[in-house]
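Below you'll find the structures, each written out as structure tokens.
Same chain, two partners: subunit A is paired with subunit B first, then with subunit C.
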Partner chain A sequence: MDSLDQTEWDVTISGTGLPQSLLALALSRSGLRILHLDRNGYYGGNEAALALRDAEEWTQEHGDQAGQERRAFSQAELVNKDGERSQTGLGPSRAYSLALAPQLVYTRSNLLPVLVSSRTHEQMDFQAVGSWFTISAPLSIQQEQSIIPTMMKVPSGREDIFADNTLDLRAKRSLTKFLRFVSAYDTDELQAQWASIRDKPVAQSLREDFGLRTDAAVAPLLGLALVPSSSDTTVMAYLVPRIARHMRSTGLFGPGFSAVLPKWGGLAEVAQVACRACAVGGGVYVLGQDAASASTTEDGRTEVKLSGSEKVTTKWLVGCVDDLPHSFSQQTGKEDGKPWPRSITIVSSPLTSLFPTTSEGGVTPAGAVIAVDSPDSDEPPVHIVAHASDSGECPQGQCVLYASTASENGMEKLDLAVKSLLQSVGEDPKPQVLWSMRFLQRAPRSAVTQTSDSAREGNVIRLQTLSTDVVLEDGMLEDVKKAWHAITGESEEHFMKFEPRNGEAEDDSVL
Partner chain B sequence: MADSSQPSAPKPSSSVKLVLLGEAAVGKSSLVLRFVNNDFQPNKEPTIGAAFLTQKCQLPTRTIKFEIWDTAGQERFASLAPMYYRNAQSALVVYDVTKASSLVKAKHWVAELQRQASPGIVIALVGNKLDLCEDDAEGGDEGEGEGQGEEAGEEAGEGKGEGDDGKVRKVSAKDAKSYADDEHLLFFETSAKTGHNVNDVFTAIANKIPEASLKGPRGGATAGGGTQAAISAGQDSSRVNLNARQGAEGGPKEGCAC
Partner chain C sequence: MTRREKRKEVRLTFEKQHGIPRVSATAVDRSEQAKEKERKQIEQYKALERNVSDRVKSKDYSGSTLQATSNLLTQNPEYYTIWNYRRLILQDAVHREVASGHDATGKEQIDEKDIAAAEKAGLTLPQQEISLLVNEDLQFLIPLLKQFPKCYWIWNHRSWLLATATKHLPAKSTVKLWQAELGLVSKMLALDSRNFHGWGYRREVVQELERLSGSSMAEKEFEYTTKMINSNLSNFSAWHYRSQLIPRLLEEREVGSEDRKKMLDTEFELITRALYTDPYDQSLWFYHQYLLSTLDPGNSQSTSLLHPVTNADRAQYLQQELDSIREMLDGAEDCKYIYQALLECSLRYLEVGSGNRSPLENEMKDWLVELKKIDPLRAGRWRDLEAKMKL
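Entry: the complex of A and B
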């Protein structure tokens, strides 16, 4: 194998997480000499997808608390460490592709047009996230067996609302009125009304301004918006744009769904496809190495010492905070927030009722969202994103549940939320947990609070890490675009706009 | 979207991801070029990084669209291959029948695929450059030594000087076949130059892909009418078409603040 020692590069990208990989894609036709490293032996970094055995190794590597301050993940563990694998009905390790980044991609996300214009979308499959559900009165720690929690499907439109027999007529009218407001909240006509309510707490405003009093009317709205905090502490300025995003995304790529998932392991697939595109353009890929330290040379280039002790020089060094040498990775502030508990659970049932076809002739969804209320109303909910086996993440007849919460000490809450889902989903035979892992993820809470996370120090660029939001946010790609602009100096309208390569079909109408 | 060029009722259609692996200059890109464009380039340059191509394969009852990743044979840091065989349903492992060491490398790739790739991946072992072997050149109207330079595959000049003495074959079909049988691989000897056996390899792979892995797992018996409609329209029932953005709906609601 060749040595990297003393090689010269235009751009050295450290880490193959989604932001870095998208930058690699953006630079793939630039003619620049690109070296793309990852300290791991696999692609995807914080957004990787892992086979079962790899996930078990991953939990060991991320289990330690000490020395992990810089890292996104900590306190990882398998939930039933000594469960006898052979009897649990699990498939072979490689039949699984568990996503560290199972984020929903709204159809209006800025990622999708970029995948199309960069001609990478034909290399991946996207699947619909069909239905949203809420679970109220979930199991609590104190009284685990008492009542069976109730699961409700969130109405997906006006017809649904009026067909819903849990709402009285007045609530239906109020709900319709509220949704009409949301669909136009940012127009001139509604400017005054919006200004008057935007800073109000959600529960208060829905009650006072829209006449939505009952939990039955409010819970679906909170679920739809995937509000990570309790309804008492959330303001309308957070809720309304998120519901608007949902509504405006519905139907964009087909009837009855508003968000999609990349097949084969969530955002890992996008990262891989992006890296491949860069490799096709001549980018050099090296796994198992990262930028251990960096210093500026006399001619203004950056000398990077790799973890394997080889030295390369580069004009630009780019990475996320986890992947850059320590000296560049200091936090810009304490905006990171508290780490979020997350879990990944493999279930012994396809949970078919979570994935109803969205409309006549429409696609079969592979994703569903379940918002589980907290038993204490001032506590944050748990959000579960369910991926069907169609996603390629587990064998047929099974299902993968990705749960997360903003709740402190939320590990037990995640377990209870998953149990509540399995109890209320009404499948027969009753679904069992086959395997489960959990961990903490430290990341910027949301693009709204992290405008300054991306930073440049000379020719070293630090990219934003993905937030812990259940939804992929547009800020990440905007940040990649900024880095691309700094490196190439090209104007925005050329970002990710590529011609077909030789041998590529101009446009393929089938499939 | 249905294939409008098909006058008859559209057959079910599915994508199959295929990766080509093998030592440098065994003719991987030439095989794909023959399959996709029915073309041959005598002095093809080495593949840089990789190339992505697609080609449809018509079977009696269904259409398979191959999404082909053609990888570079001389890879500097052994970090690329995993990103190509990830989620691949099939692999073509290619060696050069005139170069014994290329079969050793091919066996290495087979072992890595069996260890790392998706369970159930369909692997075909392919001995290329059959046209160089006069003794059994079925395709052979050009048995002359001159063919050799032309068939040099990805690296111009590689494979030269193996001798014009008529004993160019270094890997016997029998040995390779018996290895392939032991490892449950499909086996073919091909010539990208003459086209001999090239389509047969891809057709054999298409036939061996289990039907269950092509349909959405829930697309069968339990599916509702909508799913059936999607399948008979020649579409994976779960796949969202990103080219099908509904432009009209964007208009008045554009300017989303999120």
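Entry: the complex of A and C
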């Protein structure tokens, strides 16, 4: 490739993480000259998908780095079984595509319509995330072998409640009533009622206002909302909208599921397809280069020095905090969040009991969500997202578990939660951990809306990092839209609305 | 992907599913360019229509006319006259095949391959041809059916094709066709479990399969309704179908009075559990009403499930239900269906029960007051009910 030195660009995007890649997609038809860099040798940045060997290298690169620069990942380590890989039952490295970003995408998220209108959705496969489970009485550090944790399916709608044997008739009634309230909580009719309960702690309000007293009735609701903190501190204003989102998403693309996952490695696929679209539109892609430093030139442009010491000038420079030069990351603070423990585990069994078809004649899901209570009720739960081999992330006969928790010293808790899960499925022989890695990820726990002041400094735009919420939040795309608007000046209706390119089918109706 | 493989991928775009429109990328274009394009489309359509009409009028029942109807119907499957034309063409082809079977001379050159295929399938040559014709048309219908699952004429044409096949082909071939239809309708119902076309067609298919095989499918179909109800409680069609199957089931199982009672008990338990989960769902109350109606001595339409049955038995069930529904009120005092059910149940009880009527009649007056309060729009209806109750 010709040298980049002294080249001029309209937009330079640093990092091919999901926010940056979506911006690249949004700009792919704009005719602007786009240079898209990534310091890694692969696409996806913090949202990349890694083959097994790549994942092992990655843990070495991101090992004990607490505080080194402003990297998102630190303290990465392998928690392998000893012995040759061939003896452990692991497949070849390329048979795996482990997702750094296994977030769930609700069917009503703002991302999916954008993938349709930008005509990129057909380059990706999506699969259903079917069942939600909770595990109570999990293993604690002391009791490892003595207690079998119990796993229960979370009723996510009326029919599940109807079928659930652990709920008596009254509880069924109360739960359905609560869900009916949730599905309409933001309407005018229920405004007064909502105002009176929104700030109440969850346990109290569920008991007083909805007659839900037992653990059997309350625990599933917490699991459904994927409440990250302990139930004592969560308020209804947090719980109810999340359950509403879940319910409103159910059935949109088919009966029995409310969220989807992109095949082949989570959000990495979306980032890749987005970058490809920008490349087709003329964007130039360079891996292994970073925006090392930047300064303003006389005519108001930004001169960016790349890590290879080439210099480019650009009208706009965009990136997430990790990918922008130091000078622009002075705004780090509460938005950057704390470091949260996460782990990725490959299991020796397909754990089929986690992936039942959720409706007669419906799709077979490839994802499942498990909320594992902490043995200590003051502590937050561990959330595990399970991906079946149908997701393309591992060979058949195995599955991948992604665990996270909002407890700062929670690394050990992740292991225990995974062990609880493997015990509770009741398989014989017991499923084994074939391979596991864990790390800390510093990110906001939930999407924070940036003000335009903090996001922009002159013509350098900082996109917000993806939160570590188990669910992909709508805030990210809103952030990308703002950046796109700043760059193009176009009005919102045109965001990600593309005509088919020549040669593409005019009509993308189904079947 | 074969039909046998379980579906794993989720589609993000859809047409007319669950009433949600396609995500449309462009706004309606009212420019001259767009209007010109539309004018051309209209002209093309009209020309096609004229073409088809002319050909059929002149009795041109050739393959190219069939193709022309295919083009027209793909654009407008609601145009039922064209379906009639299509059937004229197909009927003509079928008759010619049947005629050729009786006439040894004057046949065209017959392909060796066709003879071999027919022999393999155990059919005569004309039968093989008819089978191919029917199968091709069935295939033609599939994408149309998926796009327009509630179009009467498509379901109707399908019925006709199956009937034609049944008339001309041996039973073992048509059984296969009908079984495939059962598979298709199950898929359609999985896509939209409340499509009554699907349910009606299913009953038609099941009836034919039972006739051809000589055995009943009531047990399997009963299980199917259970599955569909578990999938969606509001499935009125599934509950209705269930109510049609139960009397047959009891006959076929040849059970005694104890087992009949057990069945009725189980059904009441099932519907009670559903009603507790959601008393605001009308389709559940309809099924409850059905179960009550089987206890009605004078009801000629609804066969009694119990046998033998005395007024004392009936009174016992009605009393049980009255108690159960009274309890349901707790926490659902704003649910009009509960009051309606209480009144309905009470009326039935008064017909077969014995003893002092006043306590119940007083309760009924209270329930009627509540009903009028909750649903003032239907005041006229409650007045009629009041008159009927003769309190």
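In this section, the second predicted complex is superposed on the first by the 488 of 511 C-alpha atoms of A that agree within 3 Å, B and C clash if a C-alpha of one lies under 4 Å from a C-alpha of the other, contacts with A are read in each partner's own complex, and residues count from 1 in each chain.
Heads up, the rule we're going with is that a residue touches a chain if its C-beta (ideal position, glycine included) is under 8 Å from a C-beta of that chain, and two chains touch if they have at least 3 such contacts.
The structure displayed is predicted, hence computed values, not measured ones.
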Checklist entry - So, A:Arg158: does it touch subunit B (first), subunit C (second), both, or neither? => result second
Item to check | subunit B versus subunit C as contact partner of A:Arg94, first or second or both or neither | outcome: first
Checklist entry - Looking at the overlay, what does A:Lys172 touch: subunit B (first), subunit C (second), both, or neither? => result second
Checklist entry - Looking at the overlay, what does A:Arg501 touch: subunit B (first), subunit C (second), both, or neither? => result first
Checklist entry - Touch check for A:Gly283: first (subunit B), second (subunit C), both, or neither? => result first
Checklist entry - Given the touch rule stated above, what does A:Cys275 touch, subunit B (first), subunit C (second), both, or neither? => result first
Checklist outcome for this item: Partner touching more residues of subunit A, subunit B vs subunit C, is chain B
Next on the checklist: With both complexes superposed on chain A, which partner does A:Glu310 reach: first (subunit B), second (subunit C), both or neither?
Outcome noted: neither
Next on the checklist: I'd like to know which partner A:Val363 touches here: subunit B for first, subunit C for second, both or neither.
Outcome noted: both
Item to check | Which of subunit B and subunit C A:Phe126 touches, first, second, both or neither | outcome: both
Next on the checklist: Counting contacts the way the document defines them, which residues of subunit A are shared by the two interfaces, the one with subunit B and the one with subunit C?
Outcome noted: 112, 115-116, 121, 125-128, 251-254, 257, 260, 263, 357, 359-364, 366, 390, 508-511
Next on the checklist: Looking at the complex, which residues from subunit A come into contact with subunit C?
Outcome noted: 112-113, 115-117, 119, 121, 125-128, 158-159, 161-163, 169-170, 172-174, 176-177, 180, 211, 251-257, 260, 263, 357, 359-364, 366, 390, 497-499, 508-511
Item to check | Complex interface listing, subunit B residues touching subunit A | outcome: 1-4, 13-15, 33, 36-37, 48-54, 56, 63, 65, 67, 69, 76-80, 82-84, 86-87, 116-119, 216-219, 222-227, 229-230, 234-246, 249-250, 253, 255-258
Checklist entry - Which residues, counting only subunit C, touch subunit A once they are in their complex? => result 6-15, 18, 20, 22-23, 25-26, 143, 146-147, 186-187, 189-191, 193, 227-228, 230-233, 272-274, 276-280, 331-332
Checklist entry - What residues of subunit A sit close enough to touch subunit B in their complex? => result 1-2, 4, 42-43, 92, 94-95, 97, 108, 112, 115-116, 121-123, 125-128, 183, 186, 241-242, 244-245, 248, 251-254, 257, 260, 263-264, 269, 272, 275-276, 278-288, 350, 352, 355, 357, 359-366, 388-390, 392, 396, 474, 501, 503-505, 508-511
